[in-house]
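First comes the structure, then the notes that go with it.
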Amino acid sequence: MRTDGRSLNETRKVKITRDFTKYAKGSILIETGETKVIVTASVDEKVPPFKKDSGTGWITAEYSMLPSATAERNSRDIQKLKLNGRSAEIQRLIGRCIRAGFDMDKIGERTIQIDCDVIQADGGTRTASITGAFVATVIAIAKLMDEGLIKENPVKSQIAAVSLGKVGGEIMTDLCYEEDCRADVDMNLILDGDENIVEIQGAAEHGTYKKAELDALFELGAASIRKLFEAQRAVMTENELSLLK
Amino acid sequence: MRTDGRSLNETRKVKITRDFTKYAKGSILIETGETKVIVTASVDEKVPPFKKDSGTGWITAEYSMLPSATAERNSRDIQKLKLNGRSAEIQRLIGRCIRAGFDMDKIGERTIQIDCDVIQADGGTRTASITGAFVATVIAIAKLMDEGLIKENPVKSQIAAVSLGKVGGEIMTDLCYEEDCRADVDMNLILDGDENIVEIQGAAEHGTYKKAELDALFELGAASIRKLFEAQRAVMTENELSLLK
Amino acid sequence: MRTDGRSLNETRKVKITRDFTKYAKGSILIETGETKVIVTASVDEKVPPFKKDSGTGWITAEYSMLPSATAERNSRDIQKLKLNGRSAEIQRLIGRCIRAGFDMDKIGERTIQIDCDVIQADGGTRTASITGAFVATVIAIAKLMDEGLIKENPVKSQIAAVSLGKVGGEIMTDLCYEEDCRADVDMNLILDGDENIVEIQGAAEHGTYKKAELDALFELGAASIRKLFEAQRAVMTENELSLLK
Amino acid sequence: MRTDGRSLNETRKVKITRDFTKYAKGSILIETGETKVIVTASVDEKVPPFKKDSGTGWITAEYSMLPSATAERNSRDIQKLKLNGRSAEIQRLIGRCIRAGFDMDKIGERTIQIDCDVIQADGGTRTASITGAFVATVIAIAKLMDEGLIKENPVKSQIAAVSLGKVGGEIMTDLCYEEDCRADVDMNLILDGDENIVEIQGAAEHGTYKKAELDALFELGAASIRKLFEAQRAVMTENELSLLK
Amino acid sequence: MRTDGRSLNETRKVKITRDFTKYAKGSILIETGETKVIVTASVDEKVPPFKKDSGTGWITAEYSMLPSATAERNSRDIQKLKLNGRSAEIQRLIGRCIRAGFDMDKIGERTIQIDCDVIQADGGTRTASITGAFVATVIAIAKLMDEGLIKENPVKSQIAAVSLGKVGGEIMTDLCYEEDCRADVDMNLILDGDENIVEIQGAAEHGTYKKAELDALFELGAASIRKLFEAQRAVMTENELSLLK
Amino acid sequence: MRTDGRSLNETRKVKITRDFTKYAKGSILIETGETKVIVTASVDEKVPPFKKDSGTGWITAEYSMLPSATAERNSRDIQKLKLNGRSAEIQRLIGRCIRAGFDMDKIGERTIQIDCDVIQADGGTRTASITGAFVATVIAIAKLMDEGLIKENPVKSQIAAVSLGKVGGEIMTDLCYEEDCRADVDMNLILDGDENIVEIQGAAEHGTYKKAELDALFELGAASIRKLFEAQRAVMTENELSLLK
């Protein structure tokens, strides 16, 4: 029996609210149970130095938690003058995964800047960020196409992510914070629309795990991500859906 | 005629949502028109060094804007390794004003840490932060009293704030961003429940202003703040209201 | 009776020494009682990015205290890698106030960089900085006009500043440090030559204050500033005085 | 045919030199082809705050590259005042993986600080760091046991790591830098002595990959790691080997 | 013929003003020609960690230039978040040299913190800082002895410093900035009262120099320092002079 | 009798290994007894701002110690966000000394970036860095000449450095760490091929020293440096040697 009464293969309720804030090109609030993340996609008509004059674009992400997002208040990075190591790791992951869903050549020489700001954290903030970031990016892309700034559909595939784990000997999906703390294995699975792997990260700090368990986690994760794909599509407009093929 | 059709003495709609996030002792979302600020009050059972072993408490504030809160994305402080100068100025103001409403001796040797995170900025973010911070702090104080950690009511007075300005020759209340950009005089007025002054800041970058105009701005501001006091009280519980005397 | 025997409406002796250092375009030492600030105005033939190619100029200020300027040594900002929050607030105030006295269009696309370095602090360092900065800026402007770099007189009005307060129930002008520590209300008033308001900041951390007290503080401040205007003019050359109308 | 003539399942020559430097408790140089990393394990008789008074120990890691370790000189972190994001990600990985091999309770309340300094980088620096860090840590642990500071053997399992990838459509092991740049899939596999998974990270920036490919990469990686286990044991003393059971 | 008409062995006029600021235990302004440095010695009843519980004291120094101290304004360290490399080098030199003049054991477990703030720089700021710092430290020490905090005279010897150089083929003393820029050899010589060497630093960026030239520079420097010793003694009280033996 | 049995005028065994790493233009490992420093010379086809469009080149150096290079682990600069003051001082010294050996005009508008990374520290790391940096720079210069990027031989003279000291009353050369800790006088002598002085730094923290001792230290140092010149030449190719004239 899980903390919140769910069965092992049951994901938490996902709610995506479009246009949660009004200034960014794409903006959503994603809620996965008690986890809440504001995800925005802003467009910058410049690219980083390594892409300068390449004619191709870039997607990058930043991730941060509000100080009050966790049970114990966490201090702001600027207080310590250091980007939190965990945030550094997560925002690199988000950037890599979202880039996998889009064709950089077709985006043109501009940057899509994703911001994932966690306002409440109850486990799975990085996977919620990725799932939300895909939607925010598609919203932004659709507008750029409407405005004629992007000519060809750059969407390669739908992308979504789920966290999985082995807790108390059981393989389960979409861990809440309390389960995450007790987990022996902690996995983040990111798939594309054909259930191909974009990225998999599976770590075992308290004891290792077998390849067969990895396989089971993968199966469970793929099933969960199918539901996330539906949740993503449910909030998209016809126009946006048409970009997904 | 104002940008959004309001009359000169008309404030924007204020909406305060209690318990917007669940971990901080006190947490609200305050919306003033299109300005939206998450304000939380967290309790830390420690005090800063200059208060150590004094038996008295402290209230302090931090203020920040999400990168996507403004029409043009603003980069995170941690990217530049510097606290934004404007944020530094604002968070000092919030801290001073909220401290004016509470008796530090009665709070006991603990810190109430206020976090004001602007998720959408359309003018008046600092005054919305103060108005919201008062509510979040009272919510936190009421819980601390319920828990027996604070014995005596530390609330000295209700505190709220409004922005005012002279725009195109007209004195007006509660400026939206577009008005703020065109303002000749920009004032922030913070009053207590007896309409005494907690702090007044009135600056004129584009031309100076007369004492008579300051008087007019004050009168207009006092009237606006009366409405904000009502909005604050409207979301408080009986228990919390009883602390306001 | 005040700490140093002054009457309530009596300012401390102000002494402005021209050309205190030799390299900056304008350089003065301002002494207000025991408060001593070196204020310089340097000219940089560049403007900040937001003024680039605008044809108009900019005036900005930095404020800092020597470590030994206070009774208890204060550590350097660079030791903590953080600009002191109080300094951030003060230097923004100085910049705003001095800009109010000059026409940015007539300065041309260059920056006047004001540096206020407090070598001894006995209260009123920010207002002394503003009063001194006006003189240093006029000295620099006069030289730029002599050199033909500025064609039209950019001086809009004389600017000076005084601190005021309510201490032990009494309204008084030009607080020394000891009075400042005991003050219930702490006000900074900055006026132009017609006694119009450039900026007013009045804060009450220990108890609030009434509008009538604000009016009394204003009256007292205006009288004090008249004397500061005289002190500023007393050290100016004929040439510089001619720029003040 | 691979860049350096190897077959797809052929790892580069691994050379571990013990006692490469003399001050740290454990110190080795690990060379994997042209990749060279100095790995040291230092002992600090303190623990981080979150372990204070827990009676249990901690293992943590730092990773850095010399400026001249890469074809194009990379500037030092201190020049930018920022820990490189890639380094932040890698050092967290190293720490997690090495902790998986040791029992924190048996280490006692002390910290084993691992430093991985890459002096020459030709791909696979993070996996070489992990493989080397296991040896350096065992050397340090063995000395601490000799000195009587650790009473019970804290080694839970041998740990080693290999990088894998899909390059030009081919699954291959132990990528050199040139292959890494061209890789469609980039995987890091870290196993324990029973070929259980400590951590797996498999990312696809240029196109996704199938679960069957993950399985193939895993198989290839497991075979490569068996050789790394031999290389680790080959440089250990009888005493150290006895700790591996 | 030198820039300012001096002969080769002629030092600039030295003027030391006691009690230039009032808060630090010891405070002087030292002027060497157009070079002006405020030097203060503050007392902190703590010692750095490496001296904790040693019963002995410490003397340390910080050196900084005001932004307007030089012909071209130099930006503040805090703007770049980096202590200027030249300042880092100089303040280490000042600390070493002043420590050589005092017995750390007799100072007791406290720190004398020297601050050298250059308000105008025309060459020789580091040597003026050292010469001034010796006086400020003796003033502070004499007060600490008066107050009974230091029991035994900790002064070991008088310390002073001069800059020397080879400019246009000529050996000369006390270089002004213009000479310093043209110098082939740049030397800083710090001697004690018996003309023993505390520190010598002689660098040749534009061409090297012969040992015989070093000897000549030393002789010239020793003669100059004798005059500086007199200048130091001329501003000391009887009480302070008695500490020099 | 010295710590390691050497006579007073006996230097430790010096070993220079060419091409220690493969990416930098010039790369060596220098070992002086137990002191080991990796020194590389990288070429950047840009110059710092103050050399822009001057047609002349620049040589600059960075110095750092690996955390595990010392008996007690030293934390990385990035952990404290501050360049170690000692490192700042040393890297400025290295830059100055190496620049003395080369003609900036003949290098052309490019920068030779020297990196000195100490992997094991047993005294004399800064002098070993200089001695090694000369070799690494010559290797790089020779390659640039082979590639036709530098036309004229820019080598002005051979440069090497030795540390000296007065320990327990005895003048001795090439101090190891243990001697360095006990030294009354600590000197760094850098000479060119004609035994002219490039830089001399002689400090006495524990007691001062006489001019006659400086002379003795110089003589001893000059003799030691003759041996270092031989060690440098011994690893150079015919081609490189020809550049030394």
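The chains carry the letters A, B, C, D, E and F, assigned in the order they are written, with residues numbered from 1 in each.
As a working rule, a contact is a pair of C-beta atoms (placed from the backbone, for glycine too) under 8 Å apart; a residue touches a chain by one contact, two chains touch by 3 or more.
All of these numbers come straight from a predicted model, not from anything done at the bench.
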{"item": "Minimum number of chain-to-chain touching steps separating subunit B from subunit D", "value": "2"}
{"item": "Third chains touching both subunit F and subunit D", "value": "none"}
{"item": "Fewest touching-chain hops separating subunit C from subunit F", "value": "2"}
{"item": "Most distant chain from subunit D by Cα centroid", "value": "C"}
{"item": "Whole-Å gap between the CA centroids of subunit A and subunit B", "value": "33"}
{"item": "Subunit B-subunit C separation of Cα centroids, rounded to whole Å", "value": "28"}
{"item": "Whole-Å gap separating subunit C and subunit D, where each centre is the average of the chain's CA atoms", "value": "59"}
{"item": "Multi-chain contact residues (two or more partners), subunit B", "value": "81-83"}
{"item": "Chain order, ring traversed from subunit D with subunit F following", "value": "D, F, E, C, B, A"}
{"item": "Residues of subunit C that touch subunit E when the two form their complex", "value": "21-24, 27, 34, 36, 38, 40, 42, 44, 62, 64, 66-71, 73, 76-78, 81-83, 113, 115, 117, 119-120"}
{"item": "Subunit C - residues contacting subunit B, complex", "value": "81-83, 85-86, 88-89, 91-92, 96, 99-100, 157, 191-192, 194-205, 207-211, 213-215, 218"}
